[in-house]
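When the chains are written out, they are named A, B, C, D and E in that same order, and each has its own residue count from 1.
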Amino acid sequence: MSPLTLIFILPLLAAMLILLIPGNYRFLIRCVALAGTFLSMLVAINMFCHFNKAAVVDGFRFVEQHRLAPGIGISYHVGVDGINLGLILMGAIVVFAATAVSWSIKTREKEFYMLLLLMGGGVLAAFASLDLFFFYFFHELALVPTFIMIGIWGRGEQKNYATFQITLYLSLGALLVLLGLIAVYLQVPEPQRTFDIVGLTQYFRAHPMLAGTQRWIFPMLLFGFGVLVSLWPFHTWAPLGYGAAPSGTAMIHAGVLKKFGLYGLIRIALPLMPDAAQRWVYVLSLLCLGNILYCGLVAMRQRDLNMLIGNSSVAHMGFAFLGIASLSLIGITGTVLVMVAHGFLAALTFALSGYLRDEIQTTEIPQMGGLLRRLPFIGTVMIMAMLAGCGLPGFASFPGEALVLFGNWDRSALITGLAVWGALVIAGVYMLRAIRHIWHGEKERPPLQDAATLWRRVPYGLLLAGLILFGCWPRLLTDNIKTSVAAVVQAVGPDLTESAAQTRTPLQ
Amino acid sequence: MNQLSLLTLELAVIGLAMAILLIDLWTPHELKHRLGYIAAAGLLVILAISFCMSGATATTAFHGMYAQDGLSLFFKRLFLISALFVVLLGVEFSGRIAMVVGEFHVVTLLALAGMMFAASANDFVMVFVALETMSVSFYVLVSFQRSRAQSLEAGVKYLILSALSAAVLVFGIALIFGTGNRTGFAALGDEGARLAGDKVFLLGMLMVLLGLAFKISSFPLQMWTPDVYQGAPTPVTAFLAMGSKAAGFALVLRVLFDAAPALAAHLDKLLILAAGATILYGNLCAIPQRNLKRLLGYSSISHAGYLLLGIAALNADGSAAALYYLTGYVFTLGTVFTVICIVSRENEDISSLAGLNQRSPFLAFAMTLSMVSLAGIPPMVGFLGKFLLLRAVIERAAQNSAYLLLALVTIVGVVISIYYYFGVIRAVYWSKEPADLSPIVVSAPLKISLGVCIAAMLYLGIFPQSVLACATAAVKVLKF
Amino acid sequence: MNPVGLQDYLVVSVLLFSLGLLGVIVRRNVLVIYMALELMLNAANLALVAFSRYNDNLDGQVVVFFIITVAASEVAVGLALIVALYRRRQTTHVEDLTTLKL
Amino acid sequence: MQEVFFYIFAVLTLLCGALVIFNPFTRSPVTSAMFLVLTIVSMAGLFVLLHAFFLAAVQVLVYAGAVIVLFLFVIMLLDLKEEEQRKIKGSMAALGIFAVGVIASVMIATIRQSRLGFGAKASLTEGSTVALGQSLFGNFALPFEIISLVLLVAMIGAVLLSKKDLK
Amino acid sequence: MSNPLPWLVLLLPLLSAVVITLFLQKEPRWSAIVSVGAIVVSCLLVVDLFAEYHAAGSPLDLSVEWLRVGRLNIEFGIHLDALSMLMLLVVTGVGSAIHIYSTGYMKHDPHFSRFFACLSLFTFSMLGVVVSNNFFQMFIFWELVGVCSYLLVGFWYHKPSAADAAKKAFLSNRVGDFGFLTGIILVWATVGTLNFVGIKEQLVKNPDVFDTVWTAAGLLIFCGAVGKSAQFPLHVWLPDAMEGPTPVSALIHAATMVAAGVYMLCRVFFFFNPVALHVIGWIGGITALMAALIAVQQDDIKRILAYSTLSQLGYMVMAVGLGAPPAAMFHLTTHACFKALLFLGAGSVIHAVSDEQNIWKMGRLKEKMPITYWTFLAATLALCGLWPLSGSFSKDAILDAAYQHSMTLFAVGVFVAFLTTFYMFRLFFVVFLGKAKSDLTSHAHESPPVMTGPLIVLAIASVAAGFFGIAQYVTPQFFAQAEIAPVFAPLAPFKESPWPAFLGLAAFFVGLAAAWGLYGKAESDPLPASFAEVCVVLRRKFYFDEIYAELIALTQDALAQCADAVDYFGIKLFVRLIHGFTELTGRGLRLLQTGNLQTYALLVAAGIALVLYFMMQH
């Protein structure tokens, strides 16, 4: 059995196990959940380490395939290449961390952990699966858990509105995507019709899709995925929803699930519909500015910590989109790196803000201040996370964003310049203001419970370690990413940046 | 004799009905509610028999009146299953229908027989007769709770509107007979080429379809649904939603693709409009709805719309998808109505579900899953069904972009529907209303049937292959 | 007087049908609505008989049998229903039957 | 000759039919029932013109003899007096008439434009009872049997619904 | 990786930072030992390398591939040549002194360990900047020194002023870095490489590789220096940064980090075209003048030093702009010594008068703290450029360059020299001579040896640094044709460039006289009495802070407000509208369900009519 299967089966199994445990055995339930996610994390790390040794089956490793419904070409097919390798590793770690920080949940643990594990397993499976049907199927598994979790364990007076808004937005986006995927699938003539991504890619490489068809399918995918990734102006659900969600949910959702749309664009939309992609990138890069600048500015105005983090994560998505819009090897590699980095980052920040909320019962920034003396550990980690959020070198988001910017220059210098402003200055402004008003300052407060024990520190430490590891040594990922992305880019067509290389500098 | 052997299932059902009618005479009152179990057992046996029969070879009998093929068999199994749920609910419900439990099951079974004949109808006369058998039984069933004025009101409404639609249908049949000079599907199908161009024949077909539209509660004859669903006794509502609708679709399929395949191609615009309008009407009206059964009435309108997608696609995939969807729909509704029947006894407001997950986690779980399935979200069957339907529709989008529009309308509808279905889930888990937290006891048979439903919803949602294969085989008899 | 043909019969039946339909729409007394429904069914009968006459095919007349029977049974159930209803609500007017709405 | 009778019966049918629905003088269901009888009878006349003698008889017997009587029984049973003249809602009526008008006109137009009945002259074969019976128990055996189910259900239903108290 | 030594130099401080953070949080003594040990060892290594390099004479280049995607190839490398060697010496040398000093200065601080962790981290980052062999790596460390300065300035984060100062410093640097990064991307996109050597080769191979964007590229890169070296108009952060502990001011905001901008300019000197150089020169000149003027009217001892730093940095930048990077580096070196010394001296004074920083509350400290007094005097004289102290040589080198290129800038330079002497001796007289202006001074005492030791070392350096021909040493770095000059040949200003030297000296004496005249015995500042308006302007630092506050409020914050408003009233409202519209439609349609049978019948009829009409038309 492929490790991939193991990675997402383990949490689901744990969920089923919990279903059998009576609800009042709280400790047992937690332990089962932790064990399941921890094991899956170990498997993921192990897979990551042995990635390069594994056998390659048409571009993918650790492949496993079973035909489920030959009639309509659905098969269970998982595999991993450079693009989703990092995502799965990150996902597994985040899921474990999310389970670990959920010890603060004190009511209806049974349901909570079941839903959390269902969500986590589903999203891991979505990233692992190479079959469009299951790719979509597993992603949708998260919808209901999100709804119920925010509904029951969420906070804030806007809870109900947020719950429905996030659910409706996500399902709208998902259904658009569904239409697009089915349409893509139907472009293949009857005999070799399949939902298998590999098969589709090979087929369309051989017989490119009609430009006319691309023209109406691509927008569906672009905006469908866009809504899922909170592309401007479809972003309002994200800060609201994450603000209301319990930290575990927010971590998995903002950290892992959100990357689904970008992953889909890179994996499916670009290589299968190059012409349309070329046609749409300009629109896309403008919308990216919407994310980067506009949402950054909005973040400056937020008085609620969660809203601030939410908006900043929306802004970061802008860089991911910008990399895609560059349609260049460097840019898209950067996008994948940003996805992984932001996964760790978002999870970390939401975990910490959740902790903070538990400690001081508020997320209103003005009511904070001078907390660093009371919560040295949490404070330090949060400050590091926030500095990482404004693109500080040494954290994984920096190389990612840098790659994106380098990759996009030849497509549009102006947009790149503005993005740099967003990355360095705007991000700096709201993050530093937040640090100043939350942690610094002289406000006196009663002593608080800092994450003192090593055990409580593990999840934060893990996420931070991920950030720093890939920040200091990005080649761990990029060397694998670029080989896989190269295929995508080459399918999409001329890579401005690379071609510039030939023309400008013959002696390079 | 061979001919009669084809009728095994129908005869068995009728026999069962008669048996219960007789047994009822000698059963003391306090035991009458047990009759449902007899009926259930009988139906189980018949269901088992039905799986021994094979519709692989389409055979007609009684001078082409009656067709036994994959399609009819598929539908008959659906009817049997839904009747099974209904009789079980009948047991649960027996407290609420005075002292005439026995007759309740008898009439239910006769309605079932009508549906089964409808599934095998191969002649417009049969269509009419079978439909009427069904309808008349439902007149009785809907108004079965004589003590409840609402039930009677629903009965009157149902009777009058149904009779109206029946009259339209009959007039249509008359016109068809007049132009085709036949009433047999096969015969008409042969003359399809000639008739396709005949305006009067078209008129007749339209009137027949309108008559059937009433049964599947599709636009423009959907008005009755919410009222009747709300007024009728819960098991009957369930039967209307599962059986009657399915029967209507069986007939629509036969009439369109068996009697007038040549004409069907010209009806695409009408079908697209009907599907779109039905979806939007059902979903939009459901948004502010608080009464559960009424909500399900609207939702059943919208699902009629989804099913029409498959027919509007005018291709084998579409019809197969519709069959698959119906299968899932039966199990889903089986769950929903069982839960409603158990939980909301006197008040049928959504608030009656408040705190359900404290009162009975199992029921809450079942309700949630069924709502998720109705909303069409993985891993439940509802998703796979909609997936197949959309696939069939988009398949046509290449030729006619109206289908793309239809698909988008469907999406809008689904999103809206998620809003109110999830509202129910919300009521189950964290509604504000103060709820009595007395635990609910569920009788063993209902537990089993719920378990079966949930298993089926999940199985169909994840492993489509087997049933989808049956559906595809079933629609082979139709001509596209 | 031009010779009477099939179409004339059909027109009559169509008109009768419409009359019935109109009755269902405008009359309030359930009993009368039933009668209107009878009219509609009879219109179908007339059409069928006319067809079977002009197409030289007796099947039409057979169908009429069924229709009559069905009509009779519908009326039977319907009237029983009215009786039951009247016992509870002392009315046979449809506009009093509007508790199920919205 | 035929024509004359046709027009007489047709006009009678329609007129009485119309009077069933709206009787300018009274709203009593009894009158409606009576006019229904007349409609039926005059339709029977049309049947005769169409050489469907047996059906004509059945029509009269079943309808006039059974159905209408049933109606009258119920009316008497519930002693529905001629209740106060409730106004027909004008708007409702207007819309109804319009809709029905559209339907009728479309149907008539279609029929008139069609080639129905051209060439196919009325055959001389009588609607003989024998032939009728044969096809009823031959081709139509199955529907005939099923109809019995309808009657059964109707019977049960009628009993259940109208029984005074359910013991 | 052939030679491990350079790596060791770089990694030792990082190691100590990590070790202290992870394990020594509770062990102040040990963390001090580790941190000081690390920097001292790397200082010794540097000396060793220096000898090695000087023996070899050719640049030493080590690198490993850090990130390679497509055409973008980023190395992590060490490039050792005259320039970086010199800078390494400065950083590690001055750094060691300051580290040792801090062990005494921060003795009683509860967060002693954190302080040294940050110091070590800073040292690591600074060394990284120095040894970088490509733009990207330099940018990385550039950011890291920025964040270290953020952490150290905000070391006492519970003081709002400190927290705000840290934020301000970081953000102003970010503005500069925006230009820097953009410039880097532009260079890469044009030249195709980020490696300094590579870029130089390209420029040599085809000089017009940046056809139109050369100036732009140059200026964008220069933005980085503007931010880091606090040049006009981004100079506002440096004075506020004095909120940090004094050793930090000495190390980061006098000796090393702020000099990084100048260093970077020298590093890529080959890259600037005349236009760019012109701009650079003028910016430098303006900064020097403005800062010196402001310094005249400051009362906070550290702020005065800060403005003096600004103006000296202005000198250096001006020198680069005038095409005399050797002079710039020379002045950078000497300045590192005496400015660090000044700050440390100031620190010891502040320590003595119990953390009072206003010079008008001090006085007569000469007797109380002799060592501080004498070292401070030496540093002051060096700064003011009294021959033969180090400052005079480097300053005269700059004036000389100005004299050759632009008379205006020369004039500016001389005037700034005068101002420097003036405000420095103002400070000196008021603090050490005169009479005690508050009783704080009564119980002042000399600092412990651990603090005075470094003072003495630095004093010696500041006095003697001028005698090494540092300028000649780095010259070949920039001008290939220049012959390798002997290292220990002192510069003789009066022979080579008499005018600048004499004018410089004249400026010194005039300034000294003016200062003595005004402040020799002053109780309080006489100037405001006579030149009220001017003084107000100077005290308010030319209103830069106010202007910027307004500017930001008008542009960025206003935009943010708009965006927020759009987000709230635009998009969210729109969403709510759609929701409301749908719900209304639902409720509207629902009205059809009147429950009245006849309505239904009518609607059914209408439906049928509709369908028939619609279908039977064609």
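As a convention for this text, a residue touches a chain if its C-beta (ideal position, glycine included) is under 8 Å from a C-beta of that chain, and two chains touch if they have at least 3 such contacts.
No experiment lies behind these values; they were computed from the predicted model shown.
Peer 1: Spell out the chains that contact subunit D while also contacting subunit E.
Peer 2: Expected: B, C.
Peer 1: Treat each pair of touching chains as one step and give the shortest count from subunit B to subunit C.
Peer 2: 1
Peer 1: Quick one: which chain's Cα centre is the longest way from subunit D's?
Peer 2: Following the centroid criterion, the farthest chain would be E.
Peer 1: Compare the CA centroid of subunit B with every other chain's and tell me the farthest one.
Peer 2: Comparing chain centres, E lies farthest from subunit B.
Peer 1: Per-chain Cα mean versus the mean over all protein Cα atoms: which chain has them closest together?
Peer 2: It is chain A that sits nearest the middle.
Peer 1: Could you tell me the distance, in whole angstrom, between the mean C-alpha positions of subunit B and subunit E?
Peer 2: Distance between chain centres: 77 Å.
Peer 1: Indicate the whole-number Å distance between the mean C-alpha point of subunit A and the mean C-alpha point of subunit B.
Peer 2: From the centre of subunit A to the centre of subunit B is 42 Å.
Peer 1: Whole-Å distance, subunit A centre to subunit C centre, using C-alpha means?
Peer 2: 65
Peer 1: Using mean C-alpha positions as chain centres, tell me how far subunit A is from subunit E in Å, no decimals.
Peer 2: Centres of subunit A and subunit E (C-alpha means) sit 37 Å apart.
Peer 1: For subunit C, jot down the residues that touch at least 2 other chains.
Peer 2: Counting only residues that touch two or more other chains, subunit C contributes 6, 10, 17, 20-21, 24-26, 28, 34, 50, 52, 55, 59, 62, 66, 70, 73-74, 77, 81-82, 84, 94, 97, 99-101.
Peer 1: Of all residues in subunit E, which are in touch with two or more distinct other chains?
Peer 2: 590, 593, 595, 597-599, 601-602, 605-606, 608, 612, 616 - these are the residues of subunit E that touch more than one other chain.
Peer 1: Find every residue in subunit A that makes contact with two or more other chains and list them.
Peer 2: Correct list: empty.
Peer 1: All pairs of touching chains, please: list them by chain label.
Peer 2: The set of touching chain pairs is A-B, A-E, B-C, B-D, B-E, C-D, C-E, D-E.
Peer 1: Show me the residue ranges of subunit B that touch subunit E in the complex, using the header's touch definition.
Peer 2: Residue list for subunit B touching subunit E: 156-157, 160-161, 164-165, 168, 199, 202-203, 206-207, 210, 219-221, 223-224, 226-227, 267, 270, 281, 284-289, 416.
Peer 1: Which of the residues in subunit E end up touching subunit D in this complex?
Peer 2: 598-599, 601-602, 605-606, 608-609, 612-613, 616
Peer 1: So in the complex, the part of subunit C that touches subunit E is made up of which residues?
Peer 2: For this pair, the touching residues of subunit C are 21, 24-26, 28, 94-95, 97-102.
Peer 1: Inside the complex, what are the residues of subunit A that reach subunit B?
Peer 2: It comes out as residues 68-72, 74, 111, 133, 136-138, 140-141, 143-144, 147-148, 151-152, 160, 163-164, 167-168, 171-172, 175-176, 178-179, 182-183, 185-186, 213, 216.
Peer 1: Where on subunit E does subunit C make contact in their complex?
Peer 2: 590-591, 593-598, 601-602, 605
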